[in-house]
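Look for subunit A in each of the two complexes below; its partner is subunit B in the first and subunit C in the second.
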Partner chain A sequence: MTKSQEISTRLKGDVSVIDIRGEVTSQTGKPIEDAYHAVTAAGAKKILMVFASDCYINSGGIAILIGILSQSRKHAQRVRMSGLTAHFQKIFSMVGLTKYAEIHPSEDAALSTF
Partner chain B sequence: MTPENKFEIHLPSTLGAEKAAMDFAAEIAKKMNFPADRVEDLKTAVAEACMNAIEHGNKLDASVKVGVSLTVDKGRLKVAVKDKGGRMKKPPRKPDIDSQIEGKTPPRGWGIFLIEELMDEVSFDSSAEGNVVTMIIHLDKKE
Partner chain C sequence: MKRPPLKSPQRRARETSRSRQALEREVTELKARYEEHLREASRAQQELERRMFHLKTLYDVSREIGFLIDTQAIIDNLLLMIVGTFGVERGLILLRDVRENRVEAIAHRGLEDTAEAALKHAVETGLLARLQVSAGTVVLSEHHGTEPLSSIDLHVWIPFEVSESLHGGIGLGEKMIGEGYSPDDSELLVTLANQASVAIQKARAHEEVVRYADKLAASLRRIEILESMKANLAKFVPKTVKDLIEESPEAPLLEKREADVSVLFADITGYTRMSAKIDLDRMNQVVEVYFGAFLDEILRLGGDVNETSGDGLMVIFRDPDPRRHATSAVMAALGIHRRAQETNATLEGYYEPVTMHIGVNSGIAAVGATKIEGAAGERWTYTASGPTTNIAARLAALSEGGSIVISEETKGRLGEEFEVEDLGPQSLKNVAHPVRAFRCIAAAPGAQSA
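Let's look at the complex of A and B:
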C-alpha cells in the first residue's frame, strides 16, 4: 500500500466492507485487488466498496474496478459501492460500471439493499 | 491575446506527474468562476490527457517532458497537452464495458472516452514532432 492510499476491510453483518481512501489508479490498484481477494477467500458473497470523499480515481483505477467486478461475477458475488462524489458517480455511470455495481449515497443505504 | 492569458507547465514523463497539471488547471478554472462540477470534469480530462502523453506518447521516459499549455480566453479555457511520441492512432470509440466485464477484452482505454465526454471541444493532432490533445471548456456550455 502506498502512502497516498489506505485500504482496509471489515465485516458488517454478512457484508464484507472494503474501505478505500486516497488514490485509485493503476499504480495503487494492487492493495484494492488484494483486499478483494482476501474477502473472497473468506467466502464473501456480499461486498460493499466504500470510497472516501478524497478519492482520486483515474482510468487506470477504473480498469482495476472493472477487473474486480469481472471476477465478482465468476464468484457469484453482489457488489455495491458508496461514498463516491457526484463527479465519480457520473464518471462510473458514463463508463457503465453502474450496470454491474449499484452505487448508493451512503454506506447505510447500500447495506440496506443487500 | 495577451501573454498573461497563457500559462505553460512541463511535466516529467512519470505516472503521477499528471496531478500537477490537474491541480494547476483546476486553480485557473476556479479563478475563471467555473462551477465546481465543471472544475471536476476539467481535472479528470487534463489528468487523462497527461497520462496518455506520459505513458503512450513519451513511453514513461522521465527525461522527456509533457508540455501543458492553458489559454484563458473570453468565457473559455483551452488546454493543450503535447508529447513527443510517434503518431497517435485514431482515438478508439467507447470501450465495451460488457466485453471487459466478461474478460473478452482488457479493461483499458477509458481515458480518451472520458476526455471526449467531459470536455466541450476536443481535437487530436499528430505530427512528426509528437501529438497534441486540445481540450476546450466553456463557461456557458453544458451543465
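Let's look at the complex of A and C:
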C-alpha cells in the first residue's frame, strides 16, 4: 500500500464495507483488489465501497473497479458505491460503471438499498 | 366623430381566447427551445467532461508509463488506463516479433485463461500478420482474417509498430455503456498506441543497455579471472615466454629457433644428504630462501630461469651481443655464490651451510617450445636444447661445491677482469670430444656485464 492510500474493511450488518481513502490508480489498485478478495473469501454477498471525499481516481483505478465489478457478477454479489464526488459520479456514469453498481450519495443511503 | 361599433361579449371572448392560445403556443415553443438548449448544453458539458477525462488519461499515461523501463510493466499499466478510460471489461495488448512470428509480450484483462494460448497460436501461424499498422482502428466484425481476436470477444483492434521487427496491437471489447467507438475514441486510441510505441522503444533501448552492461560486467569478471590465472601461471613460466606472449598474444613466436645463448646450471651440493636429514617442509623452506636470493641476482643480470628441479636451476642468458650474455651468466654465477654465503651467515645455527656448484657454457642452441603431446593432453616447455645446454649441465656436475666451471667458449667471450684457472680438456658424459674447461675464481672489483 502506498503512503497516500488507506484501505480498510468492516461489517455493517450483512454488508461488507470497503473504505477507500487516497489515490485509486493502476499503481495503487492492488490493495483494493486484495480487500475485495478478502471479503469475498469471507462469503460477502453485499458489498459497499465507501469513497472518502479526498479520493482521487484515474482511469487505471477505474479499470481496477471494473475488474472487481466483473468478478462480483460471477460471484452473484451486489455492489454499491457511496461518497463519490459529483465529478467522479459523472465519470463513473460515462464509462458505464453505474450499469453494474448503484451509486448513492451517502453510506446510509446506500445501505438502505440492500 | 363616429365611434367604432361595440364588440359583442362573445366576439371579445373569442379574440381573447385566440390571443391566449397564441401566447401559450409561443410559451410552449420557447419552453421547447429552452429545453433543447439545456439538453444541448448538457450534451456539450458531458462532451467537455469526456474530453477532459481523455486528456487526463493522456497526461496520466505519459506520467505513469514514461518512467517505466520494463516492457511488461508498460503494457500492463497502459492496458489498465485504456480499459478504465473506455469502460470495457475485456482488453489486450500484444507485442509480436514479426520476423519470427512469436509473441514477445502480452497483457490482458477480463479474458478467459485460454485466450493467451489461442493468441500465441494465432501469432505463430501468422493469422495476425494481416492486420497492418496503417489500418488505424479496426472494427473486427468488419474485417476478415481477425477471427482469433473476435473469437475472444474483442471488438476493436489498434495496431502499432515499435520497430521493423516488433509490432503491437491494442484490442478492446465492447464498451459497458453499449455505445460504439466514435472517431474521437479512435483518435485517442491511436494516440495511446503511439505513446505505447515510444515508451516500449525506450524500455527496449534501456533493456539493451542493461544487457550490454551485464555482458560487460561478465567480461570484466572473466578478465579478472584470466588476469589472476595469468599472474599465477606466470610464476611457472620463463620470462621470455611471458614476453613473447605479451608481444603477440594470439600467435606468440614459440617455435624453436637457433640462437646464441649462455646457459647456466646451478645445483645445491649435497642436496640428497641434506634432504635425508631434515623434513620436506624445512627443505622446501631452505630451497625457497636460497633460490629467492639467487633469483634477484639472475633477474638483475637479465637471466631467464628456464626450469627448476628440487636442487637446481637452469638459466638462459640471451643478448644480441654474445659477449654480453656470457659475461652476464658468469656474473650471475659469482652472484649466486656470494648470495649463498650471505644467506649461510644469516641462517647460521639454523641450517647447514649451502654451497652451489655451477656450470656455464655459451653457443648456439635451439631455443623455443618443446611440445610433448599425448592422448590426454599436451605439455609445452620453453627451453634451450642441444649440445650447448648438455655441456653446461656436465660442467656443473664437474664443478665442486662453491666453484664455477665454464667452457672455453664462454671464457673466450669474457674480458680480462675475470680470474680463471685452466682445468684443461675434460671428458664429459655423452659429449663426443673433450671440452676444455676453466674454473672461474673471481671477478675484479667493478666488473660487470659488457
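Note that in this section the second predicted complex is superposed on the first by the 114 of 114 C-alpha atoms of A that agree within 3 Å, B and C clash if a C-alpha of one lies under 4 Å from a C-alpha of the other, contacts with A are read in each partner's own complex, and residues count from 1 in each chain.
In this section, a residue touches a chain if its C-beta (ideal position, glycine included) is under 8 Å from a C-beta of that chain, and two chains touch if they have at least 3 such contacts.
For clarity, every value in this text was computed on a predicted model and none was experimentally measured.
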item	value
Subunit B versus subunit C as contact partner of A:G67, first or second or both or neither	both
Which of subunit B and subunit C A:A41 touches, first, second, both or neither	neither
Subunit B versus subunit C as contact partner of A:G29, first or second or both or neither	second
Which superposed partner A:Y56 touches (first subunit B, second subunit C, both, neither)	first
Which superposed partner A:A86 touches (first subunit B, second subunit C, both, neither)	first
Which superposed partner A:A76 touches (first subunit B, second subunit C, both, neither)	neither
Which of subunit B and subunit C A:K99 touches, first, second, both or neither	both
Where subunit A meets both subunit C and subunit B, residue numbers	25-27, 58-60, 62-64, 66-67, 70, 91, 94-97, 99-100
Touch list for subunit C against partner subunit A, complex	46, 49-50, 53, 56-57, 60, 64, 76-77, 79-89, 109-110, 175-178
Residue ranges of subunit B touching subunit A (in the complex, touch as defined)	15-16, 18-19, 37, 40-41, 44, 47-48, 51, 97-98, 100-103, 106-111, 113-114, 117
Subunit A residues within the subunit B interface of the complex	25-27, 56, 58-60, 62-64, 66-67, 69-70, 73, 85-87, 91, 94-97, 99-100
Interfacial residue positions of subunit A with respect to subunit C in the complex	25-27, 29, 58-67, 70, 90-91, 94-97, 99-100
